[in-house]
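Questions regarding the structure given below will be posed in turn.
Chain naming follows the written order as A, B, C and D, and within any one chain the residues start at number 1.
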Amino acid sequence: MKLVYFSWVRERVGKTQEDIAPPTGVMTVADLIGWLAARGEEYAYAFENPKIIRAAIDRTHVPPETAIAGAREIAFFPPMTGG
Amino acid sequence: MKLVYFSWVRERVGKTQEDIAPPTGVMTVADLIGWLAARGEEYAYAFENPKIIRAAIDRTHVPPETAIAGAREIAFFPPMTGG
Amino acid sequence: MTVRLQREDFDAGREAALLTHGRTDIGAVVTFTGICRGREAAGEIAAMTLEHYPGMAEAEIARHVEEAKSRWPLLGVTVIHRYGRLVPGDNIVLVVTTSAHRDAAFAAAEFLMDYLKTKAPFWKLEERAGETRWVEAKQSDGAAADRWRGKGRNEAAE
Amino acid sequence: MTVRLQREDFDAGREAALLTHGRTDIGAVVTFTGICRGREAAGEIAAMTLEHYPGMAEAEIARHVEEAKSRWPLLGVTVIHRYGRLVPGDNIVLVVTTSAHRDAAFAAAEFLMDYLKTKAPFWKLEERAGETRWVEAKQSDGAAADRWRGKGRNEAAE
């Protein structure tokens, strides 16, 4: 599946997108954040405070307990500040 | 003192303004409406329902119990429908 | 503050631009434009004539703009109200408010419109097939205006 | 309904005119324009860069415009949100709503702005003397957006 990052999550991870294949135990958005945070310093920094990370699956906002099975594109970003 | 009329009060009275000198017993706006209503058919018609008549003294909205002493211009009109 | 009563049309975009031009402290601009509709509750209308109380209308509106400025941190206000004969599609009234933040700009524009609908000395005469009729004040407009009563700065729109 | 994301500036007056031209059923037009300010809580800013999530932002805004249309009897809605680098005084966002009556037009414009501030996938990066800083979400914006939750048609702005 494809991951995309925005704002300071993108800056900390150091890339705008990547393709990943998480292990089968990674079922939810929260699991995925935990798995990513363990991938290296840049990810640990980006996801150091999971409570403020927002996620979207296939361009729809989702809460952390959402299952990721079947997702094509998962986005991570901080709280939005548009308008 | 000068009286001015607007909207259907003006149409019913049949004039836009007039100068009047009410007797000394006419102390308040409500008194003035009562005195006017007794002046003729056109006034009786204009003021037949005093509750919906609005008044302004010298271009400021006033309630019916307001004293008219010292007023230069008193206006009578129906509820406003601007905007 | 600009308050104008006029027969002529106005340009909402131009009036907003006059308030914001060259400034960098304004974060929010709200414009409200009221337009003459071709169909009211009582059926199609051909035209509408707005009568006003010259002298009082301008002073009263200005007083309410001052009240809005005391309630909310506004950076600019423009109110234009037309009078005379208007046909469906014509502009009637414009309120423009500017502020650092949107809540003040929205609340002040609504406050001024509620005021203009109920307390500003204007009266509408509708023309429909062969007859004219003075528009009656709506209870809902009175209720809308009353909601601002006794409310303090920044809490009126809650 | 028009929803546009663009680098270019917009003209609020022109967008409002596009919604009202040739119609006689619209009685109320509300425009909200959000402008980049030169001074924020943390001091003077030199510029601001708006990042967005292409694809998601447009679809999400369109979905919320549909929600506004289901809550209020709207006759037209336009939302334009800019992205890229903006300097103080530049327009950021435009919401235009039209309806027969003012309450629906005002409420829908406020609803859409509250949504855009908190849920639309945009992020602001401020530039000030020698450094950049991502703007943090405001609690007050979250509270403003939450006030619409679970409220039905025509009662949300009360």
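Operating definition for what follows: a residue touches a chain if its C-beta (ideal position, glycine included) is under 8 Å from a C-beta of that chain, and two chains touch if they have at least 3 such contacts.
Predicted model only: the values in this text are computed from it and were never measured.
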Query - Steps in the shortest chain-to-chain touch route ending at chain D and beginning at chain A - result: 1
Requested in this report: Name, by label, each chain that touches both members of the pair chain B and chain D.
Outcome: C
Report task. State, to the nearest whole Å, the distance from the C-alpha centre of chain B to the C-alpha centre of chain C. Result -> 26
Query raised in the report: Where the centres are mean C-alpha positions, what is the separation of chain A from chain C, in Å?
Result: 48
Report task. Using mean C-alpha positions as chain centres, tell me how far chain C is from chain D in Å, no decimals. Result -> 22
Query raised in the report: Quick one: chain A and chain B, Cα centre-to-centre, how many Å?
Result: 72
Requested in this report: Among the residues of chain C, pick out those that touch two or more other chains and give their numbers.
Outcome: 34, 113
Query - Every chain pair meeting the contact rule - result: A-D, B-C, C-D
Report task. Show which residues of chain C lie in contact with chain B when the two form their complex. Result -> 34, 50-53, 55-56, 59-60, 81, 92-93, 113, 116-125, 134-137, 141
Report summary line: Interface with chain D, chain A side, in the complex: residues 4, 6-8, 56, 59-61, 75, 77-83
**Report entry** Touch list for chain D against partner chain C, complex
**Finding:** 11-14, 16-17, 20, 22-39, 88-89, 100, 102-103, 105-106, 109-110, 113, 144
